[in-house]
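Two complexes follow with chain A in common, the first pairing it with chain B and the second with chain C.
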Partner chain A sequence: MASHLDSNVIPPSRQREVPRQGMTWIGQSIKRVEDPRILSGKGGYIDDITVPGMAHAAMVRSPHAHARIVSIDTSKAKDLPGVIGVYTGEDLATVVDPCPSFASPPVPQHAMSIGKVRHVGEVVAAVVAEDRYIAEDAADLIEVEWDVLPANVDIEASLEATGDAVIHPDDRESNSALDQTFAFGPVEQHFAEADHVIKRRLRWNRSSAQAIETCGVVADYDAFKGGYTIHANTNFYNFIPFVIGGSLRVSPGELRIIPVLAGGSFGSKVFIHKIIILTAGLARLAGVPVKYIEDRMEHFMNSDSHGSDRLYDAELAVMEDGTFRSLRFTVLDDYGAYLQFGVGTHGNAMAQVTGPYQIESVGMRVIAVLTNKCQQGPYRGFGSEVTNWVIERMVDATAEELGRDGVELREQNMVQPDQFPYMIPTGNIYDSGNFQEVLAQAKGLIDYDAWKARAAEMRTEGRCVGVGLATCMERSVYGPTEWWSLNDKEAPGFTLTSTPEGISARIDPSGKMFVTLNSPMVGNSPETVVTQILAERLTVAPEDVVINYADSQTGFNGVGPQGSRFTAMIAGACVSASIKLEERLLRFAAHMLQRRPDDLELRNGAVGVKGLKDQEKSFGEIALTSSFFRLSFPDTEEFDSGLETTAVYDHPISSDPHPDREHLGIFYPIVGHICHIVAVEVDPGTGKVDILDYAAVHDNGTIVNPRTLGGQVWGGTANGIGSTLFEQFIYDDEGQFTNPNFAEFAMPTANEMPRNFKLGHVETPSPFTEYGIKGGGEGGRLGAPSALTTAIEDALKTYGVKINSLPVTPPTLRGLIRERELAITAE
Partner chain B sequence: MKPAKFEYSRPDDLPTVLALLADQEDARILAGGQSLVPMMNFRIAQPAALIDINRVPGLDYIRMEGDVIAIGALARHADIQRSPVIQSNIPIMTEAYDWVAHSAVRNRGTLCGNLCHADPASEMPALMQLLEAQMVVASHTGQREVPAADFFTGTYETALEPDEMLTEVRIAKPAAGTGWRFEEVSMRKGDFAWAACAAMLRLEAGQIAMPRVAVAGVGDAPMRLDAVEAILTGQAPSEDLFQTAAQTGADAIDPPETPAASAAYRKDLVRTLLPRVLSTAAERAE
Partner chain C sequence: MDKIEVSLTVNGRTRAALVSPRMLLSDFIRHELALPGTHVGCEHGVCGSCNVLVDGKAVRSCLMFAVQTDGAQITTIEGFGDGDLDPIQTAFWEEHGLQCGFCTPGMLASAKELLDHNPDPSDEEIREAISGNLCRCTGYEYIINAIRSAAAKLRAADPAAA
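Then we have the complex of A and B:
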């Protein structure tokens, strides 16, 4: 039977290192090699950077959500001793052009506002001064006259805005930035054939990661060469020159971006292009190097990293026996005042929109809504955390309406182990998996049946105890078509197709292996992972591996830690480099040992003759001889001095979207699977939720380091608990951001985390990546919200509370309970 | 997020502190700095001068003076929380400290500084009213005592004059047999209270005597609930009585409406918490 997916052919696997049992280093929980220097304060973060003659910048920010700038008086600020310069958006525009955009058509944005502000916290003027104190004093002296315009805050109301309320009136007549409809498969037909159509209106509110370190830049303009030297804690330092070169009016090669250790990202530091452009422009205007570190309020209000803010009207077409047929929805997403990457977060979500279930078709209308808020950016999950929650909500709703057990309904519709690689209606594939085994392990870990029985018994005693279970997908190793595949049909401004990751490696005459990465450390474990993979593949001792980071001019391809890609991609680069190095090691050693390369093997950091224990040369001896004693080897090119190589790994399996978007191609194919089960008790009088027990089982394929992967699951679960119970950016009716601080934006602390977190792993190796590794960087945030929501509803069964919006803070939950109390009393 | 300019001095004795306080325009005492310094960094507070009292010896005491517990201006929350004098004489204070901020803040922050900051959602100002503490206030011209009930005059406002400093808090030891309870609801542990309820009472021949009930987080300043105390006095503890007290308490307050928590929610919390604190206090009373 013809299918819309017929043109989407799965390419053959390029896997070289097949998954296997009993590896020496891969799979070991070695301690993180990054930790000693970081824990002893020697890490070197952006605020540790000083360069000679460096000045400091402070910003004047908009107090209004939407206003025209009538005038800016900088005279008093300019007169303050210690001030080097004061600049407005017009001044900055003399040296920089508007910010880049992946959106098509783009929504114009300036690093510093010109003429108008569109959200609270937007920069309208900057002071460069001898120190940050003086810069902030001077910023206080700048007087701005405003013409306040109507603020758009509500996601639905903003679509109706006209006149002065339109946020970008020169480019768009309304606050709808993009409105696209897609059908992946015969959606209408499947709905027509369905016995039941389950409908829900679901709301996911905005928050962001708030890493402990904010974003920062130290920029210096070289007036003679015409380029910039920039230290920045971006995730993406090898690509960012290509993204921002145009804005800075230089070629990418004239931008030297030097990475620093970043104090956490969780997506928030993927680009940071706006403050790089801003700081670089200020350095050029002021004629001195400039440091700008966002303070916490600035990071909250203007960092372009707010997470998804969506309203779904979702429908699931279901047969009488519980079989799922089709999913369709209209989603409004409040992107804020700008649209830096279009609807990339929805592109991402299309990678696993059907969850672990067999659903034959998917229909979507996505409307990107502009409002007077900070624009969205990446946050752990990148939009898929929302669709995971939506599909799990729909499954629970179906179970309720059909009178079925939710877990049994999940099992009935799950993809079976023999169906992989499994192509979902959007065209993405699930490379491998065993969802049933993950479910079984999670149930066993927490003793699910016993908890269900205990919770039911406790409810009969009047306590509000419940158990929730979620089975979710954890796509990894992103393909960059997600950024633009759902944009309008015009070609976007900037596309990528393979997200290459490179590495260079050299075994030096001392026997050390020096490795240079092209992606920064952002709190993940790149050095640990690389050490373990090289130790595995080349048999070197981990302590002999020394890792450094290239800058954007000395390095080459690197896309950085994002989209749960880094471990799988760098593993590929490590294997590529190892193959090249092994070839040279064997060639030199064969000559030194007077053997054929085929007779030799790598063992314990040496090349030895197979079967002869005492006949071997250490890597150090080989490197020393090959580097310093060229004349010991034949006079042919293949014996050129030294043991070094560069290598790159391209995305293991991806394809382009269909030209008419009948499908989106393969773009996020290395899928993990997760099952979270949680038991909670709700205090109905206060709305407080107490997590009694928690089990999380993740299948991330072959595990490189269980300790570091466990950290990702734990940390992601903390994010997920925050998104479910605590965290929400609250903008009031005037568009004021009411809680941009750690006192009022409530991230969970150790006190709010489950006391007995049970972590389990299943390892279903990928058939496409080296060693079968899958990514797991987004971890628990993709599962915790669904499991917790279900558990809370279960706990409040006697009240009949329904949760259709997150977060459910104690006041929100108490409000839902109060409504039900009143309704029950009325009955 | 840097403070505006300010003068800074760090005297070694109290008379110098008080003299500086009198001499300098818009000066503030710096003790633990756990509220003041963040507010200065946000430039919400821009005092012209800070007088750091951390080098003044002999202000960090927590001691019994007869039936009174005296706590000095530099006594840190963490030391008070762990003090055997407090644990054995004012156990409700130890219990309430469970809700006060986090250990890093308690290690540095002082009780007196906390009281002078007078955040209406803070635990200790409410507790001082419950305990009917006396605030010893000094200036370069002398000393006076202000009852807690008169000390907290509004949000971030106290009865202190600009040249005055809170040097000591004096708390009479509660009578033997007093039952007590402190409970609170906040977003997370350590956050400011959405609602906190504290109760102390005695039982005389099975009837409630001298009940005291205080709340925080539900008004411009922490307050005693006189109407609730009146209902309880002379009655035998019962679930019905406590429910009535809870409704009376909820009716007596006019809580703030904030983006995170509505006034209705805070009233709900008082309705929920009051019966809980009263029943535990009654159980603990001898």
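Then we have the complex of A and C:
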């Protein structure tokens, strides 16, 4: 290990439940607890919420990418019958302050524009009316006069912008929001010693999650108490009050955020703070509860959840024998017009930037570029989807330049099974793994060697068939230092270090176990996994577990499903709660059974005497007696009524970044591994890619529910296929967003998905989390782009097509083929 | 705009209402009839989340006006089971054919339309039948498994129909 990592000591494990075989409930594909109500139409999504006296909001959006607002005439809109109020950014600013920003220094943003717009779709006025139809009619009657400014669209050109093209001239002289350089280890030395330096310029273009449900809010202001009651489909409802309280001019405790079932997130609903502030402010101004649900175009244009948009100049230092030494790159990232969380997506990528390979040092310069587009937000992978693709591209490039087989080169450089926990140059660790086994299983599933031979044979027949293989990391259980570790170390901003997850559990006299969660369901399976873990740990029957959700005032300590953290974190909370409940169960039962607690055990929802089958008390009986027959127990505090507990679990293993940023500490250490192998056929005449065969093997540690994990892998892979072959936000030179709809932004349908998907799992338990569970919510999108890219290049070997930019939509790929056809003809 | 009276059968129950001519069927179902199981994903006729069965055909309720359904028979997700999950819903549960569930009502409508006419569809026919329904969670495979399983359940329950 390099000396720059000497100070980065791995703390001892706090694991209490050790991984083991043959568990009763963990590892079973039980049917999801959540599904019956959803399948019968009673899910309870944000637009299903109605409160008495509720009005509806519609927005006036900017048609320009960059413009000053000269004037806004709302008079006609105000006169329309049914309109309750019409408001501009200045009006909103009388009740709310600017949006929060984790960037340092912050990039100011208003929930409704004041004076200037910085991308198409920004809100400049709002109507609150009796129904949405009237609100939209009124919005159409609002007239805005504009002074159009130069639009910044190109990532490199925006850095050169001056004068009126500067997006935040009051705060920054240029459109560079942040420019930081790091060396994790002796990068210069390693490059000087290298026999080969492989260079590539790689481009990852903008898209976003586009969950089928948009974001929405129902907000009500209590003029007497001075607080707000807010329903919103945010992932993050127990944290959001602390983020937005300042903007709403109330203390966090005066915000009651009530969760709803969210119709998909994939990161896109983590924050949604802007429309919460916007809707809440409108409710306060209008004096009525207000509902605002984004329409699809608004969700595309203004939802603060655009994905990574990066340009890499990357170099890999390689020795003659193929050994990787060092990786360095400069990356420009088009963050759009604002910077809500700084360069957190690059902090994230530092968790696994070297992939599954032994690379001794990493150098990075990251430049956050502001342009006239909607700002970035999280999308499944949170930046690591790009670095996974970059490192795999660099490995393929190395194989090509050294005349080596790509898979063999990967195997040569892979971390070995006896090297865990393995610390990478950035300081993060890979807790456990067996990359070789994952690779072997994937190759076996798809019969890799046979496919390689068949593809080669088909190419000799003139068909463009190829096979691609990628070996990638899937970090999970995020630590929040990623949000700020790459900021200027002298002014890092808000240096958050906690990611607690809490749970409350009560065994009721009826025998039911009532459990309250502090994080919402967004399409993951929180109720199912909690039911399985509690059933495992406490031996309760799954059908006796009843799950509810706290709101932000009745619960606490929930960071929500993001960064593939929820299952591992809530498992920790479940174990903590179980330990406390078990202690009470044993104490009461010992008294009831006239035994010592040590003589007792939990079994099948009862406390029984070890070795004596017929001597036991069911949990319900114990709860009933403890709750309603208090006088049966000694008059001491430890026999206070009831079986109830609250427990909070904090991150299993994390540490601070080095003060001088020689490393970033341990921040994303529960790391899975994936291997995707895909066979494709390209139609060279159209650029269309058909997926012929697909195998994915994921190692996410101990699996709680194989079927729901399978669903995550499948779904993530579909997102990855979309990111590789179809999905791209296209802006024209004026900054117009030309395809903000489902007809022109093409997401995969069932027809585009592979027919022969083969799914495998390896289980290398984590030594740090309870039961050895790792997260697994992002892997599909973290692996598919790399495997597909390699497969397409392989298929087009005869043409010599090189793919340095994603997505390769059919017209893009056809263009690359045409270039090669012309070049070959010229030769 | 004058409101127009419509009378239709929704999930077996006669419903009469005065509606504005421009009211979308999706809004009518959700907000006037208080049946929130029909979901609005894109409001431009692509995602299929709002699919409901109108006289047995799966239609985009965001592309129809409520006034066009006067006299029609409509089935929404709330009308699938009779107080319980029907075989298609049950198959979606068993096969993990949903994650967030937002696209599910439309998927179920498309599946029901398919299985009403084709009790033993091939996988390709299933794919084709749901190719107008976007799902961002599942990658579709488990939905296809669910519809295949539902077909088998329905055939077993009514061999004559198969």
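By definition in this document, the second predicted complex is superposed on the first by the 819 of 827 C-alpha atoms of A that agree within 3 Å, B and C clash if a C-alpha of one lies under 4 Å from a C-alpha of the other, contacts with A are read in each partner's own complex, and residues count from 1 in each chain.
Just so it is clear, contacts are C-beta pairs under 8 Å (C-beta built on N, C-alpha and C of every residue); 3 or more make two chains touch, one makes a residue touch a chain.
These figures come from a predicted structure and were not determined experimentally.
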A:N751 touches, of chain B and chain C: first, second, both or neither? both
Contacts of A:D295 with chain B and chain C, given as first, second, both or neither: both
Touching partner for A:G523 - first (chain B), second (chain C), both, neither: second
Partner chain in contact with A:T636 - chain B first, chain C second, else both or neither: neither
First, second, both or neither for A:Q21, with chain B first and chain C second: neither
Partner chain(s) touched by A:K688 [first = chain B, second = chain C, both, neither]: first
Greater chain A contact set [chain C / chain B]: C
Contacts of A:G815 with chain B and chain C, given as first, second, both or neither: first
Partner chain in contact with A:I730 - chain B first, chain C second, else both or neither: first
Which superposed partner A:Y133 touches (first chain B, second chain C, both, neither): both
Intersection of the chain A residues that touch chain B with those that touch chain C: 132-133, 295-296, 743, 748-749, 751
Chain A partner contacts - residues on chain B that touch it in the complex: 1-5, 42-43, 102, 185, 187-192, 194, 259-262, 264-265, 268-269, 271-273
Chain A contact footprint on chain C (complex, rising order): 20, 22-23, 27, 30, 35-44, 46-47, 49, 76-78, 80-81, 85, 89, 92-94, 96, 98-105, 108, 123, 126-128, 130-144
Interface residues, chain A side, partner chain C - complex: 29, 31-32, 34-36, 38-43, 45, 47-48, 132-133, 209-214, 261-266, 295-296, 521-525, 707-708, 710-711, 714-719, 741-743, 747-751, 753, 755, 757, 780
Residues of chain A that touch chain B when the two form their complex: 132-133, 136-137, 140, 295-297, 683, 685-688, 726, 730, 732, 738-739, 743-744, 746, 748-749, 751-752, 809-811, 814-815, 818
